[in-house]
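Below: a set of structures, written as structure tokens.
After this come two complexes, each holding chain A, first together with chain B and then together with chain C.
Up next is the complex of A and B:
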């Protein structure tokens, strides 16, 4: 009987299923559509018919396309490699790294895996498939137009990798500084009994509420004139901060820090003070207790907060476009610079390819840290 | 091994007094229990000994050394917390080993000492589990093992049993008693449960609102409570307390008349324990006669309760006694078993 009472009527299940499917389609459409456009020639990408954009006849006519064999074999290799990253790789890392070096082990493993993935998917696979297509007969004939020339143009010819490196520098700087200051401040504020802590948090909230352009406007003149200002200290070699990545890091940290402090503080508050006290009685100094007992318990919170900091720095347009000069440009403003008065359709497809490229790291990040993020987001929601 | 001296130790938060001029010497190897209702300052006193709370005034010495300005880690104390305070990211073995590790004790002896501590609290089968995979009693035993692994000068236990269910409490209590006998370490134990205090303590300190009410062995506290508060707090049920008048040598209040009381005339509070009085034989007239308010079967005895002297008075009767609520019952309360307290100061009047 219980199963009957718990079962929803068919109409309701159908309706909710349909709604979910439609919603997922709507949510995924923009990203899926630009992914499709980015591997077509401009003629196909901006074709009038929906089907033409998907199958890309003009691209195929140009001799660039994926055969059935390519789709099956290539897809299988990519899926297998991705699966192995989550099933096989963790075991190898755990076995191969000495105790205490697990973080380093993961970094090395991630780099090696990326190299392997690049080598197989970009190096070996295309050669192999070309050779196979030639002898496969009907299975080797392209069925879907696909070209990676735009990606090549973006990353190699337009040196987009330089923007990628700049983005890495800025985001790494922002995440590191935000988390370093945020964990220390968050812990102190969570444990402090004084009234001052409360007012500091309120002040942080006010800074958080300021529009970003206010902060940028405040910093900009200082950075432009910084060589005059710093001359008394550094003499002739005083740097102009304007246009440099660390100027952007400073401003983004200023924008982001109140939020990280608040977020980390609430994570710390969920950790009972008895844990600090037990550690201190057991022989730790305040700092040792923080490092050896509190931080290991805090990882989900740190990773979640770190992810939000990463997103803020990675996706920022306003600050980076105003403060960086052309050779230090990060990826987001670099994409915007593809669009100008003289934009051709090729430029536009290249911009789309660049846009698809910058979403990849986000996917990887969320996939890798999904468990910590979920436990971080739900921390305190249920009693552990 | 160390003696703990507390010299006029006080704790204030603004104008609120948490502990008021606590003055006591805890002998080496003594098991001292701080007992009192919640908010009486017993935990604060212990936290001041541990160094987790600063004393506003006074001096704390451990082993003759003033420790007021020392960090907890330098006081050589070990503490067991009410909610265990285990490190959730470490397994049982690493939890127990933690104090040895942070104090940089020679790695070669870790294994042996952890295993010894684990054996003492019967935790050997669980060494590889995380605290989250243990039951409450097991967690508390991990906390105990972590405290004893280092052989500290002083043990501090902050209500270690209050998060356990009733049955487990009894067995863990026995384990603590046995451990303390075996280890012979000065121990301060905080509890609000007077049975724990009676069973474990060499000496008991009863506190109320930051003020020490009485210090003594469990028997002294039970047999000669220093004031009305201690009399009512100790014992299960607490002492029956009657407010009434003494004139000549007889005590009277509602439904009560006791002759032969040695006290100056005037208002007094008279107390006696439920098990010291008895139910009157048929035909005999006792000192308290009233309609029965309630009857409770305890198994080994029957508790009879009547209204008298503005409150409820309970007397333990043999287990086969049966009566209906409303029946008139009479209790025999000889003056020899009565405790007398001043009605205004509530202090014990030592006439008897």
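Up next is the complex of A and C:
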């Protein structure tokens, strides 16, 4: 659209540019700010001026800080590693994995990469930089206060890693089960024009609108007393469902189903029906056609829907806080115990460090899967 | 697709939804008419205090819980009809306030306070989200290609952040002498305590929700803007339509279905407002309908959960959802019949 008539006056372009800049600042400021606060001592984190929080004089006075050398060298290593993940890594994965195993290859690669990243950034780099700072003279003197003691306190002393493992179990379970169940239903709904299919979708829409507390009010008494009413089936070994991660997985999968089948249905609708018909002509049953012809071209849709299932399970507060007990608590409800007891400012900064820890995986998720998230958001809306 | 094949494909998903969504709904409806209480028995207890010449003995009847064989408190479930609803709505109190003209006092009853906030929250954030989302989409569409990717990346962050954490991150900017409170104080030259009164907390909640949802509206509208018919736009220019008229008569009608979609999703989600209450710890000032149910479900000091009242408040919350969904479902049904 290069026509001159559509060219905009400078003032309009300027206004729209300024507006975008303000919006971007607004969008990232709260998140970036808690990240900055989490690496300062409480005095700096809750200081009144922007400069004091950013540079952290009290933290620096405590002898903890980053020198110019640390910033330049450490920053360079982190940026190089991140760039390599997007430029070098995909090629290696593609070459090293046999055809058909690409998904598994990526999972292994992601884990190995995380291990490497952790080893370099948390293990080797600090040692190396400490040694270099000692001999670098003025370049080695701390200029910006930074301390990782709150992260250490949260993850090691308060055993936040337990909650992390619980979150991992719940989210992994929810994503796997809801994709498995959802793809089957989504495929059938996309291929059937019957009234039944329509009413199923409408029921799903209504279920999606339900407040989750309504459902939990139904589960709670049943789950707490489950050892009584399951006794006829399981005998003595009848479990109490309350506090069990697998019960929460089942609940979250069900809560997630309406959304999952709507989204998967719209992705399946984009796959031409001629593909099924060709497979059927060649003698496939419906299930074989689904498994061997449709699923291999559905991966983008499955990944996108999986991302949104992950977000729902990972971000959930209400269901997990009511249905899990303290031993099996996931990360998000666990953080409530921090800000409820925030008696000292150190507690508060530890809560902030925990919050940043919870946000970090999501940040990586957006970085890697931005395209899929956008396509998932628009899939439901634009195509009806 | 034959019905049997269809059923086989849908069965697992349907089963999950029936067991974990439909069945709990029915059971919540049932629970709301029953109350489970510990069984109390009347016991005559004679307590004597030493006295002269005779001990002072008082006989009184006390009620105490009955224990079963395993030493657990025995409970009994009784039908109470609409009592839980009455407890929640407190219609006689509300009637009294109405009669005396003291309208504001209705908000002393938790349920009505929660309803007031939930509705206001939903209706106030809706137009702001739509307008802000559309403005960002137009601005990004206007920008050079190179910066669109980074802008979308930054915009997605508030959207995918865990709601409780998002609310907390804004709370930490304002709490006590937080950085933005100090900035505001300097700007307005007065003392500000953002967490001391209800309305400032509410303002932060509106801000948080708009911040959290506007990216969603933006992405949807931005996708819609890519498909605006350029020919129509150009003929509008030939006809002498100015920028504003083109937006009003070409772009916005094109985005119509998307605006309805975003509005519907936002209404559903905002009506469920809950995480804000937790994140801002606002329960002593502002509560929402879903938080009310959540609070009843939390064990109290004695470890009891008010299941019956929670069920009643859950059912009342549902009424709003039903009202909200009648219109879109009817529309979808008409379209479905039209398509076939």
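Everything that follows uses one rule, which is that the second predicted complex is superposed on the first by the 358 of 384 C-alpha atoms of A that agree within 3 Å, B and C clash if a C-alpha of one lies under 4 Å from a C-alpha of the other, contacts with A are read in each partner's own complex, and residues count from 1 in each chain.
The criterion applied here is as follows: a contact is a pair of C-beta atoms (placed from the backbone, for glycine too) under 8 Å apart; a residue touches a chain by one contact, two chains touch by 3 or more.
All values derive from a computational prediction rather than experimental measurement.
Enquirer: Is the arrangement of chain B and chain C around the shared chain A a clash or a fit after superposition?
Expert: Once both complexes are aligned on chain A, chain B and chain C fit side by side.
Enquirer: Applying the touch criterion given at the start, work out whether A:288 contacts chain B, chain C, both or neither, answering first, second, both or neither.
Expert: A:288 contacts chain B only, not chain C.
Enquirer: With both structures superposed, pick whichever of chain B and chain C touches the larger number of chain A residues.
Expert: Of chain B and chain C, more residues of chain A lie in contact with C.
Enquirer: Give the angle at the C-alpha centre of chain A formed by the C-alpha centres of chain B and chain C in the superposed arrangement, rounded to the nearest 10 degrees.
Expert: 90
Enquirer: Touch check for A:17: first (chain B), second (chain C), both, or neither?
Expert: second
Enquirer: State whether A:278 touches chain B only (first), chain C only (second), both chains, or neither.
Expert: Only chain B is touched by A:278; chain C is not.
Enquirer: Please provide the least distance in Å between a C-alpha atom of chain B and a C-alpha atom of chain C in the combined superposition.
Expert: 10
Enquirer: Which chain A residues come up in both lists, the one for chain B and the one for chain C?
Expert: none
Enquirer: Taking the touch rule as given, give the residues of chain B at its contact with chain A in the complex, in rising order.
Expert: Within the complex, chain B contacts chain A at residues 50-52, 71-73, 77-79, 81-89, 98-99, 102-103, 132, 146, 150, 156.
Enquirer: Looking at the complex, which residues from chain C come into contact with chain A?
Expert: Listed in rising order, the residues are 1, 3, 5-6, 8-10, 12-14, 16-17, 19-25, 27-28, 31, 36, 135-136, 138-140, 142-143, 147, 149, 151-158, 160-166, 168-170, 172-173, 176-179, 182, 211, 215-216, 219-220, 223-224, 227, 230, 233-234, 237, 243, 258, 261-262, 268, 271-272, 274-275, 278, 281, 289-291, 293-294, 296-298, 305, 307, 310-311, 314-315, 317-318, 321, 324-325, 328-329, 332-333, 336, 339-340.
Enquirer: Could you please specify the touching residues of chain A with respect to chain B in the complex?
Expert: It comes out as residues 272, 274-275, 277-285, 288, 292-293, 296-297, 384.
Enquirer: Which bits of chain A are touching chain C when the two form their complex?
Expert: 1, 3, 5-6, 8, 12-13, 16-17, 19-20, 23-24, 26-28, 30-31, 33-34, 37, 46-50, 53, 180-182, 184-185, 187-189, 191-194, 196-198, 200, 202-222, 250-251, 253-255, 257-258, 261, 286-287, 290, 311, 314-315, 317-318, 322, 332, 335-336, 339-340, 348, 351-352, 355, 358-359, 362-363, 365-367, 370, 373-374, 377-378, 380-382
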